[in-house]
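Accompanying notes for the structure given below.
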Amino acid sequence: MGIEDLLATQGLQLPPPPEPVASYIPVRMIGELAYVSAQVAMVDGKILHPGHLGDPVTLEQGQEAARQCALQALSALKEALGSLDRVRGIVQVLVFVASAPGFTDQPKVANGASDLLVQVFGETGKHARAAVGVAELPLGAPVEVAVLAKVD
Amino acid sequence: MGIEDLLATQGLQLPPPPEPVASYIPVRMIGELAYVSAQVAMVDGKILHPGHLGDPVTLEQGQEAARQCALQALSALKEALGSLDRVRGIVQVLVFVASAPGFTDQPKVANGASDLLVQVFGETGKHARAAVGVAELPLGAPVEVAVLAKVD
Amino acid sequence: MGIEDLLATQGLQLPPPPEPVASYIPVRMIGELAYVSAQVAMVDGKILHPGHLGDPVTLEQGQEAARQCALQALSALKEALGSLDRVRGIVQVLVFVASAPGFTDQPKVANGASDLLVQVFGETGKHARAAVGVAELPLGAPVEVAVLAKVD
């Protein structure tokens, strides 16, 4: 079963791919590596759960945003590669969490993205990761996720 | 026309290359990848436009700092490679923006670096990118930019 | 003399390797690159010197935490590779420093990690680096360090 069939059987729907913009692009490939531009979670053109984790964004909302970022990264990869079956695994995930003072559960937020990637790719979806708490994110997003994938 | 002739015709002048320091180096190469150490914009030995975006640093000042960071990264690459003609493209750019509370235009700031790289390298200068808002940067810099280039 | 003998002669002791967790892993390898998940410094199961640099964590404490992060990254590499002799160098180090307002000595903190890596690997331990000041880190850690190594 291909990755896209798997997504369908799991009830996972890819969001529309991110629009290419002027001077950077959604995915840059070099050799076996595909660098996906960092995603902030958008639903219907609006940031999902804007604000900082801890105040007012809850852990559950942050995890949902991280998961949506990962789905958007997959959508970008599908657009760039033609098919997600060309993705051979996930190498690294960087998770930036907009954090109110005292919020230190960045790894739990990041699991929203990591768990989704392992759900989709299984063992080869397991990756190295960094999760840090930042001051502000674009458009007031609560989470930003950059994915580095291995492709054939 | 070589990249360095192109810089000249565009009126772009490379700053002096960053000094190597004790335990890290301006550029680390492995295979086709050249990792450039993150740059903060310096002019005449001083940080350009110190402070946080939003207060007191303006968007235009932040973009100018980001552009200067990109020029410094190119200067580091030229020093390491002998010639910028060995740069085959830009793979990824990480942009860290010192951000006052409520400043969420990190992508516009980052365009200062991205646009410069595309101006210089054209299509192969287009890259994957992350732009995030951080609490503080070295020496009070407003922007820090890490470039990953493809080299021959 | 192998790297592990060298560690012993220098009085450097590797901490226990980080535990693999559900959806991300301590080290992800692809070709010659080994991505190590970002480390926060733990001693006896507790965060070393919790808090922000500048208030209350001192520069010396931050450097000690960064150094411990680097040792943990080496421990993770040893666990993944079987021996540190398979490490051919350090490519890139990302250092995230939890920073109180006005703290701008992130590079000095990061030297705690960089100096350790050069002490262990010599010339091939020299790496590209980024050091930034972030709002919060997991579990209240003062420093988080992600290492990218070259392996055979």
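For the reader, a short list of remarks on this structure follows.
Letters A, B and C mark the chains as written, and numbering starts fresh at 1 in each.
One rule holds for everything that comes next: a residue touches a chain if its C-beta (ideal position, glycine included) is under 8 Å from a C-beta of that chain, and two chains touch if they have at least 3 such contacts.
Just so you know, these numbers come straight off a predicted model, no measurement behind them.
Note: Cα superposition of chain A onto chain C, rotation of 120 degrees, nearest 5. In this structure chain B contacts its sequence twin chain C using mostly different residue numbers, the overlap staying below half. The geometric centre of chain B is 25 Å away from that of chain C, both derived from CA atoms.
Touching two or more other chains at once are residues 31, 134-135 of chain A. Here chain C touches chain A in the complex through residues 22-28, 30-31, 35-38, 94, 96, 98, 134-141, 144, 146, going by the rule given at the top. Every residue of chain A that touches chain C in the complex is listed here, in rising order: 31-33, 89, 91-93, 99, 101-107, 110-111, 114-115, 117-118, 125-135, 148, 150.
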